[in-house]
Each structure stands twice: as C-alpha cells, then as structure tokens.
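See structure below.
Chain nomenclature is as follows: A, B, C and D, assigned in order of appearance, with residue numbering initiated at 1 for each chain independently.
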Amino acid sequence: MISLHGHPSGRHFLQIPGPTNVPDRVLRAMHRATIDHRGPEFGGLGRAVLQGMQWVFQTRSPVIIYPSSGTGAWEAALVNTLSPGDRVLMAETGHFAALWQRLATRLGLDVEILEGDWRHGADPARIEARLAADAGHRIKAVCVVHNETSTGAVTDVAQVRQAIDRSGHPALLMVDAISSLGAMDYRHDEWGVDVGVAGSQKGLMLPPGLSFNALSERALRAAASARLPRSYWDWSAMLTLNEGGYFPYTPATTLLYGLHEALDMLRAEGLERVFARHRRLAQATRAAVRAWGLELVCQDPAACSNALTAVLMPDGHSADALRKVILDRYDMSLGQGLGRWSGKIFRIAHLGDFNDLSLCGALAGVEMGLAAAGVPHRPGGVQAALDYLARPAAGRHEKG
Amino acid sequence: MISLHGHPSGRHFLQIPGPTNVPDRVLRAMHRATIDHRGPEFGGLGRAVLQGMQWVFQTRSPVIIYPSSGTGAWEAALVNTLSPGDRVLMAETGHFAALWQRLATRLGLDVEILEGDWRHGADPARIEARLAADAGHRIKAVCVVHNETSTGAVTDVAQVRQAIDRSGHPALLMVDAISSLGAMDYRHDEWGVDVGVAGSQKGLMLPPGLSFNALSERALRAAASARLPRSYWDWSAMLTLNEGGYFPYTPATTLLYGLHEALDMLRAEGLERVFARHRRLAQATRAAVRAWGLELVCQDPAACSNALTAVLMPDGHSADALRKVILDRYDMSLGQGLGRWSGKIFRIAHLGDFNDLSLCGALAGVEMGLAAAGVPHRPGGVQAALDYLARPAAGRHEKG
Amino acid sequence: MISLHGHPSGRHFLQIPGPTNVPDRVLRAMHRATIDHRGPEFGGLGRAVLQGMQWVFQTRSPVIIYPSSGTGAWEAALVNTLSPGDRVLMAETGHFAALWQRLATRLGLDVEILEGDWRHGADPARIEARLAADAGHRIKAVCVVHNETSTGAVTDVAQVRQAIDRSGHPALLMVDAISSLGAMDYRHDEWGVDVGVAGSQKGLMLPPGLSFNALSERALRAAASARLPRSYWDWSAMLTLNEGGYFPYTPATTLLYGLHEALDMLRAEGLERVFARHRRLAQATRAAVRAWGLELVCQDPAACSNALTAVLMPDGHSADALRKVILDRYDMSLGQGLGRWSGKIFRIAHLGDFNDLSLCGALAGVEMGLAAAGVPHRPGGVQAALDYLARPAAGRHEKG
Amino acid sequence: MISLHGHPSGRHFLQIPGPTNVPDRVLRAMHRATIDHRGPEFGGLGRAVLQGMQWVFQTRSPVIIYPSSGTGAWEAALVNTLSPGDRVLMAETGHFAALWQRLATRLGLDVEILEGDWRHGADPARIEARLAADAGHRIKAVCVVHNETSTGAVTDVAQVRQAIDRSGHPALLMVDAISSLGAMDYRHDEWGVDVGVAGSQKGLMLPPGLSFNALSERALRAAASARLPRSYWDWSAMLTLNEGGYFPYTPATTLLYGLHEALDMLRAEGLERVFARHRRLAQATRAAVRAWGLELVCQDPAACSNALTAVLMPDGHSADALRKVILDRYDMSLGQGLGRWSGKIFRIAHLGDFNDLSLCGALAGVEMGLAAAGVPHRPGGVQAALDYLARPAAGRHEKG
C-alpha cells in the first residue's frame, strides 16, 4: 500500500470524531492469532467482554455485540422491536439523526420527524407534547441521538425519558450513543433507555467493526412480538449463546481481543475520570474557538459536546479548503461538515485515547491552518487553551 | 486476558475450517493506525481491495464488502434480490446449508428444500428436474453451498448452472463460497453465478469480520424490484460510493488493511498455485485417513473438499472426546461435528496459510490423539501422508 | 524488503539452534514505544529482568545484561577477570569452544587447549589431571561449553567443578551456557560456576541482541585485580547502576521488554517442566534419527543435548545439499555443519518455544528431504518419534 | 508489566534526546519472525542495510554495524586504531565528551583534554594550536563530538578537519555523530572523518541496540598496526563477512529489520528534507525559549543544535523538579541535566520521527509545566513557535 507507507514524518493527528486513535495497547492486543470461536478459551473472552459492555453502558440488562458498523446497530434496534408500518418519532438533531430516519423509512417504518435546526439537542418538551397528542399510541418508539456527531450538540436523555413518562405514553426510548459511550456519561438503566446503540470506533478506542445494542426488559418484551423480518440482527439467538460467552455466527475475534483490552484501560482510568478528562479537553477546545472569534455550531452552551467541537466558518470561506490546507501542511485530519453543513463547518474531535498535549498540538494545527488558509480569526486560541489547561482546577480529576 | 497468556509452549495448531491461521504479514498489516475513512488516502485503499476481490471471485461484476460475518452476506444476498414470500430452492448439503435455509425462512421467504444426506454435494439433476416442474416460475432463486464446511463435500457449481440453463428456468443462482474462495477454484463469471457469498476468515486468511457479495447483471436487475426491506445490506448505496473507494457507513478499516495484504500474498503465489497447494494438502490428508482405516464423511470421491476433511468416528466413539484429548495433549483445535453430525465426526482443516510441514504436524496430532483416546485405527497415517508429499509429482506446482 | 515478503505459504520452520522461534507474545511485548531509560518506569523494568535472570541462572549472585551478542559475553567474562598473559585452560569440544579460544588469544591471553574430537563433552578427568600438574597455579581459569551448539554434546559442569575442587586448584570456572540456559538444567550456584555466559536468542526465546554474565563472589574478587583493559564490558559500573534497575549506557529497551515477557512465560511453565519438555522432544528426535539409520555426532549417549541434535551424513553425501533441498522444498532451515564438520553434518534444533506437533512437522521435513536428496536412510523416523511421543510416560510432565 | 500497562490516556510525549520515538512502521518491521542469519535471505538484508548506512553517513568507505549501544561504538573506534599508551586529544564539549574520555582512559590510552565550558562546540583554533605544538606527533587521534547531546552545542567538523590539515599533523579524526546522524548534515567523506561513531536510537528512529563505525582508508591502515586487544569490536572479521551481507557473530536481526525500514523512510523523505525539517523544528523551539525569557545552554548562536535544545533554569529553580511536574501532569519526558549541568538544565529533544504539531504539543507541555512549577518565565513561547511555524518560508522544504 504505497500511499500508506509514504507518510510524512511524525505522527498523523487523527482528529475526526471517529474512528478515533487506537491506543498501541489495543493494537497489540489485536495482533494475536485467531482462536477457535467454539473452544473453551473463547468462552472466557466472550463472557468478559459482554460483562464489560454492561459496565460501560451502566446497565444490568444484556448487551448485544455485532460484527458490523454502528449503522448495523441502528438497524438492529429497529428490526428487533418493531413491525412493518409502525410509527417512530425521531428527533432531527443533525446528519446522523437524518441517516437513522432514512434507514427506518427503508425498513418500512412510518417515520415522524421532529424537525430541528442542527444546532441543538432534541427538545424534551416537543417530544412530550407530541406524545401527549398521540392518544391512540400509534407511536411505538422515540429515537434520539445522544451526542450528535455532526454538530457537537447533546440531547439530554434523562429529560427525554421524563418527558415520555410525563406524557404517560408507552413508546420505547431508543438512543444512539455511538459517539458518546465511553466518552460522556451515558446511564442506560438510570435514564430508562430501552435500546442503546453504540459502535467500537469512538470512545471505546477500537477500530470500526463492532456495534452494540444495550437492551431493557421492555425492549425484550417488544422483541417477542415484533414482526420486521430479521435474522442476522436477531437478539434471541444471540442471548442464548451469549450465556456461555459464544455467538450464533463467527464473531470478529480480533476486535473482541481489542475490546477486552480497551475495557481494561477504561476500568483502570475509571469512567468518572474518563468523562472528566473529556470535559476538560472540550472546555479547552471551546476556549480556543472563542479566542479565535469563531462560532460554535452548537447554540446551547449547556449542550455542547465533550467529544467533539463543530465550528462554523466565517461567511464565504470553505471549511473543506481549510481542512485540505491543514491536512497537507500539518498532517492533521479534521471532521468535515455533513449534510446541510457540508463545506460550512469543520469538526475537531477530542475523544478517545487523548490527552492535554495532543490537544494542544491539534489546536496549534487549526490555528496555523486558519492563518495559512486566510480565514479571518484572532490568534491566541492555543494560548487560551493553555491558560485553561494550566489552571490547577480545570476539570482535572485529582488523584486521591 | 489470563487464559490467553497462559498458553503452553510453541504454536497452537488451529485446524478448524475457519477462522484459519492469519499470516504474520496480515497481522502486521492490521497493526496500523486507523485513518480518516473519508480522506484521500482511504479512497486508494478502498479501490484496491474492491478490485482485488473481483480478481479473487474471477468476476468483472462488482463485489460488495460488508463489515459483518459471512452470515450477514447470506442475508444480503437474499434481501437484495427477493421479495416477501418469494420461493427459493435450497439444496440441503449439510449444516451450513441448513442454517442458510433457516435464515431465509426467518426473512419471510418460502423455502423449498432439496433434502440431502449430508455426505454429498448438491445434485444438479434433481435441481434440473425441480425447476423443469416449476412451470409458473414461482422459484426465484436456487441456493447451493459450494464447499459445505460441515461435511467436506463439494457441489459442482458449473453443473448446477448448466442444469438451470437446461431447464430454461429464470431463477437466480446463489452460491455460498464462504469456505472455498481463495482455496478452491471458484469462477463467478464463467460459472454464471448471480450472487456469490464469501467471508474473510477462510481462504482469504483474515480474521473474521468482513463478508462479501459478488454480483451479476441479473442480480442487479433483480435488486431493482426486490421488496424485502433492507438498508444496512443494500447494494445500491454501496455501489455508488464504492466507485471512489468509499463506503456509505464506516468500514472496518483494520480488516481492509489486512485484506489488502492478503490479496498481495495471493497474487504473489498465483491463484492456480494456491488451488494446487490446497489440492496437494487435501490428497495427503485423505491418504492419512485411508491409512488409519477411517471413513470420510464425503462419499463421492470426486467431490471431496480441498479445504477440509471430515472424518467419521467408529461406532461408539465420541468425536468430541477425541477432540478434547487432542486439544489438551497436543494443543491442536479440530473442527467439531455440527448439526446431525454432532459428536460423530471431526474435521481437519487444511486451508489458508498452510504448508506441508504444518500439515504433517497436524496429522501427527490426529494420529497420536487417536491412540491416546483409544479410538480403533491403524497407525501409519502420517507415514502415508509423507509418502504422498514426498512424491515429486504430488500435486506440486513446479516453479518455471 | 522484497524477499522477506515473498515467502511461500504457511509458517517457516526455523530449526536452527538459535536464533530460535520468538513466541508471538514476546514479539508483541517488544512492539512497544521506547521509554526514558532514566525515568521511574524504567527502573521497575530493569529490576524485574535482572532478578528474573538470577532465577533462570539459579543464582543469588548478580547477573549482568549487555546489549550485545553472546560473543560479547564471552569477551566480558574474560576481560573482567583476567590480566594480559594469563593462562586459561579451554576444553575444545567443538566449533564454539574453538571460537572462544580464538577470542581469548586475541585478547592477549595464553590459551591452553584440551583437544577434543568434537563428539563428546569436556572430560573432567583430563581437566583434573591438567590442573593437578599446574603446581604453580599459572592457570587462572578453566573454560568449558555446557551445551556445544555445533555438536549437540553436553559437558557435565558439576563434574568439572568437582574435578577442579579435587585438584585443589584456585582457577575460576567459566561456562558457556549460551544454548543451554532456559532449555537444559543449569545450576550456577550449586555447580559453583564463577562466570556463566548466555545469550538471548536460544532458550530465552528472544531475538538476538542481549547477552549475559552470571557472576560469583570469586569472580567479583578476581575482577578487582584483573588488568585487561575494559570499559563497555566492565562489571563495576553495571553493578552500581543495576541496583536501581538502571544501566551505565543506553540499554536495548525493546529486547528488555521481550525478556520480561519471556521470563513470565518461563515462570508460568516452570523451569522443571521446561527442561522436561526439551528432554522429551530430544528423545523423540533421537528416536527418529535411530530409525533412519543415521548416526548422531554425539558419541556419548549420556551427553546428548536436549536442545539440538546433530546428525552425521552418510559418506559421500553433502549435508549442505540436503539442507538446500529441505529449505527449497519444505521451507525449513536446519543448522549447518560448522568448522571441521562443515558439510558433513546437519543439526536439528528443538529448543525454545516449541512443542510436539511442530517437532513432528520438522522431522517430517527431514525425512522427506532425505528422500528428495537421495540420502540413504530407512523411512520410519517420524513414525518412531510419534511412537515415542504417544507413550503416556514419555517424559511428559503430567499436570498435578 | 503492570506499570507499563497502567499508563494515562493518550500518547506519551517522549522528548528526550534518544531513544527517540520509534515510528509505527519501524515497530511493525521489527515485529517479524527471526530468520537464519546464515541463510540466503539474510544476505540480502545485510547487504541492504550496510549500503544504506553508507548512504546515511555520506561515505563510500565501509560502515560497521555492532549489536551494542553507542558506547560500544566509541570503544570500537579506539581499540581498532590505537595501541596501549597512545595519546588522544579529546575536546571536552560536555558530558558525553567526558564519558568518551573516561572510556579512553580505561582502555589504557593517554588522554589529553581540551577543556571546555560545556556551552560551545569544540574550538578548531585550539585544536590546530595543540597539534602544531605536537612536533613529535605523539597525538594519534583527535576526538570530537559533533552534536553534544548534553548541551545542544554543535562542533563544526569540517573546520576541525581543516584545522588538523593546516597543522600538517597526521592524527586521525574521530567524530561522535551519535545524536546527529540522520538529523543533521554529517558528511563523512567530504569532511575527511576517519572514524564516525553512531547509534540506532536517535536520528535513525530505532530502539537502542545497534551502533556504527564509519571508516576511512586511513582508519583501516591504522587498524592494521593497532595493538589494543580486541575481538568483539574487531573490524577485520566484520569486513570479510559483510561482503556477503553476513556477520561474524549473531547479529541483532530484529533491529536490522527496523533499520531497513528506517532507511526506507529516510530515503523517501530525502536527507536534505530531513535536515531541513529538523532545522525548522529547532528554530521554532528556540523561538519559544526566547519568548519565555529563558536562556539557552549553547552560547554560540551559530552552533545551536537542530536535534535538541538545552535550557538553563533560572537561579534557585530545579530542573528536575520541573521535569517531574511535567511528567506527572502532562505525561512528557524531557532530558535531564547531566554531569555538571545536573539539576540546572532541561533538554527538549526535537529529533527523529517528529513534526510540527507534535512539537507544538511538547512546547505546550513545557510552558504549562513552567507555570505549574512556579518557574519565572513569560508566557507566549508556544505562540512564538506557532508564529514561526506558520510563516510560509519557515525552513519548510517546499515540494517541487
């Protein structure tokens, strides 16, 4: 693979919001001979990662692991719980919410969209109002994206749950936690989520290739009567074999090795510290953006993502031109604008296996890139981040 | 992962028919930082592996790559081409054929089974007869397994195609080439297959996690009107983005790195030599089985698999007890009996990254295991394999 | 590196007596970022491997670790303990003993050789006689090779010690344990060795690049007055810094990572089991050689090496031609004849990370190679090895 | 290795001046099975790296590769060319020059020191004067350190050569290029160096464990009559076997794999670009130091190293306390003060596999560390580096 070999000197800065940087430990764990997926050794591995995923999801309900991208877990959530023509209420918070909607439509569901401006999280009040109006309980599920990766705006899942409860509506709550799990606090049981959806390549620090469904009692009951055709995604065969740590079809063993190691790393750091670290790095990034005089995509200060920061370009300037300059000159990949934000925003990821100095390097690349691309801005963003990070109390999770 | 570390000395002999041994080169290629799956570097990688897969399938039609197990590619073949209630004719050659049938039934298809004895490949004459009788063309597809991994019996795909053609029936031909591709000759275009199904963890020498659909013009036409709901498996979005080497959702980058390397290895050896090597190792294995006085599962000498050899246990002896002795004493994993063969047969895989001396080691493990487990047999199987392998002309693909 | 990539299918059989096969675990441990060799983390690593090496050498005296090949440790043993013109008595057991002699001569020592026939270990009686005759104690050191890698003949070090003691001579005892340490029982303290010499690439299962000196009180006293110039090899600066786990010059960090892992593996298996495993594999190999009707280089059945087996070619047949056939046809590297044995013998290594089935594969390669090269022999060597290995009591270290 | 596993999140910043960061490509190349060091495949590897090292040294004379640390190559340079009691003139430019002197003294040489203040390179005029005064040509060699790793001050080797030539003195010129080779321009032939000394773990981007001697015709002639005892370090046996790509004793194969890959990387970038990159990163670092108001150890602006920058602490502030704060808080290792600079300076390495954004991260760590440790300084160092690096012409080697 010529191009992969001819890289420039030093380490590439991969600052897209997934796939994130895979720690060397995880790559090493994956650099291992495949084993018999029906042998005794495998069962121990399988049980360990299944239990570990419950811990990350903060749930006592089962978690399903698929060899697939996160898109597969979206599909799995729907086909296991719904029947053809069922109505689902989906909050349109950004590009990924829109993709999930399209997927649901293709599966033959009746998708009702709560439109949004792609600059905020989902609005619990509107969800409550809509459910309250659905006297006949035609709506079978409410779907929201916890951390909308295309905008950096967060939906308050606990409040969505309360909104549903207040409306007295029996709809299931499905949450896309793809870019939040392992980076931001996600409490599956406490928040009363019925199906949580996640992928391997974000906060879990793995390469892409695994996806997850975290279930609930209600989701399992819904599965018993759901009639969308399903086989690959079917929870039931999974649950039976998962008891011994096995899977109904060949699992992606190598990625499970990596998952085992990543879970070890998260456990060693502790989820609270992991979340505090992400918050701290996000604050520093937002301080830099403010100092540059640029505008965040997310308009609700309380809803800004700790996993990534999306930045609006000044009028008349192309985000893609900026990203190209930064890639060519400083060997850093930033996230592009997606859907209606195409060309108009860029996204700085600060999630996964990441730390203060790497963030400073990344922000330096943005600041130098803004200059090189002729984008109007004030210098001093990196300095603002340094000032924030150097403060003793800056979100640091002190030892002891 | 304590148990994975506490291995006995030396290399484990992984002789299950997939996942097969992953060459060090492939593991090294996968030990690489993830890159931006929307960046320019990725496009080159994507195009290279997509073209490489056409070469392996021996097709000029597109090949689809999924982040999923082979089971996913079974599902993809059906949902892209068929509509609810469509009838499919499936030849029951063994456990994997039976699993594919169950999957088809779950998806809402009307499955008609051509029963088999799990000791032969599919019978073209019976297929022809059945299609000839289907004057109304209710049957939309014929599904066969090229190399039935549970029995080691091969279906002659070219003859199945001719049978279909002779019957004048328009049914699509779908072929599971999961354990044959990259190990045994599979000619997608020449044989007129409409959908070929494969996985990464067999002849392609990769860990599990990727699966494939090779298409045809007729399959693409069928897809245009097929009405089974589909999104993750949908070919059309794939085909559009694949043109640039990209994918509609996050691909399993790490496995694609490995696929790129595995394709390089197959190209360096040459497909013909690869097939000849598998034939040679299979002949040696069968010579050993004959010398032991044991019986092959496959009853048609012309249909014996070059990828694995399934062996019947003498009456009253448990294959699983034998496999356990061999695993405990000689650190070798053999394939178990599946479905109706459970406990009654064991399977020796000889596919993928494998050579003469490793085969001799594996056969030595079987022979010593037979003795240790008290299974009636004649010694001399390894010697018979040596005698075969030492013959100058023994299927060796001479240089020059 | 084109040639390294263009390998044939399957795993190369590396059956030379060092470098031996490096276990995947060790390669993974070495695949790790270098750390500050003066930082706190390094100290822990250094102390762990220094203590681990004492355990392997079975000594309470210090062990020195050099970034060098084993040849460097030969030199270190001499320059730290001797002065220009000092006489050393060296038993000529084979090629490596001869190389050590040449090295000693070059350093300005007065080397007295006890000639040998390269088919036996050193003779304690002759050593005793020679020392008894040295009334003036001109001889300062006796040097023997524990396991002569060029012949597969072992010197009984305990008896050499007793011979020296009986003679009442104060000479130091220096022992080359390069190809025995970690494979055959070597008891530094119990046997009263003054300087033990070893390398990383044999029983320790590492790549080459580290070498070792195990010391004694007497060796340290000798070092205090020894006058051969030395700096790189000097023990004293090493000993001072080793206390904290550090080194006086930059250590080969990567190989120390590997050493740490290899020590873990040896500890998990247990030295006794490691030695029993080597004995068992050696017995099987010798059974094969006997069955082929070929002659062992080692003429003393009690002194045959458990690490490798050297085999004489029938008159008029070239060992190198045989080795070439085996390399080309069966992708196996065997050890060549060295020095006076050049072209006349081949050596089968069975040490390090190795097991029953790999040995069977290796012996199969020899047997098929003998046939292919037209070397007169009886078939049945592999069968004889199988028969030995299948016996329940065959040197197997039973669990519990 | 618990401590190595329990690392904090993200990548450690290893900013010591060797071992430097090993690129993933090099680690991957080293993650490879050992091969027979006497087999045909090895010869190709050996020849390739030996030729590659000539290219890096910019010499047509042979280069010797030792399995040893750089200290070994210091010793090798002396023992191959000198006899007991020979006088060598050594310029004391810093800690490493002092260590080389101590080593020479231990080997029995008569060391004459040109004292220095550890803040400048060697003074050609003083060397010329001293040689001119040595009418009897008692001085056999002049030894200088090209890039003094302990101070960041560079000696102008070409001028030293001219000084020797002007004096008409026949002394050999030996140059320690350990931390300059592969990072700063070193022209072995053009500058008339007789023995060049280097190591693997600096500009060559490898782990420690290999060292090098680049020779000259005159050095080879000196070797013919030199009488210091030598065997491991002896050039002659090396040169004979090196012709075929082999070595007289077991080479450190794994590190040679890595060297092959590192040479490929250097060739792909081009030596000129490599040097320009190091210059650029060094300039940015010095801009930061100036902005902080701190003082460089190197007092000659024309002699400041492009491989590392040594910084004086303000009076009363401990460099080690600062380094500890930075390690604990920001997970970065900086070089400590050595010898007379112990505790008084810290060193920022910017050599090897390194780029703009990583440097910005490293400088951010220093700036935040200065604040956290209460070291008087002006903020704005990172900003000054950004300003320098963002300038289009800032030492960037433009493509085309």
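Quick notes
Here is the rule we use: a residue touches a chain if its C-beta (ideal position, glycine included) is under 8 Å from a C-beta of that chain, and two chains touch if they have at least 3 such contacts.
Values in this document were obtained by computation on a predicted structure and should not be read as measured data.
Overlaying the C-alpha trace of chain B on that of chain C calls for a turn of 180°, given as a multiple of 5. Most remote chain with respect to chain D, judged by CA-atom centres, is B.
Counting C-beta pairs in contact across B-D and across A-B gives the higher total for A-B. In terms of their C-alpha centroids, the spacing between chain B and chain C amounts to 45 Å. Centre-to-centre, using mean CA coordinates, chain A is 34 Å away from chain B.
Work out the mean CA point of chain B and of chain D, and you get 54 Å between them.
The residues of chain C that reach two or more other chains are 21, 28, 31-33, listed in rising order.
Within the complex, the chain A residues that touch chain B are 1, 3-4, 12, 14, 16, 18-22, 27-39, 41, 44-45, 48, 66-72, 75, 84, 102-103, 106-108, 199, 201, 207-209, 228-232, 234, 248-255, 257, 260-261, 327, 333, 336.
Chain contact summary for the complex, chain B toward chain D: residues 24, 28, 31-33. Residues 5-11, 13, 21, 25, 31, 264, 268-269, 274, 277, 330-332, 353-362, 364-365, 367-368, 371-372, 379-380, 382-383, 386-387, 389-390, 392 of chain C are the ones that touch chain B when the two sit in their complex.
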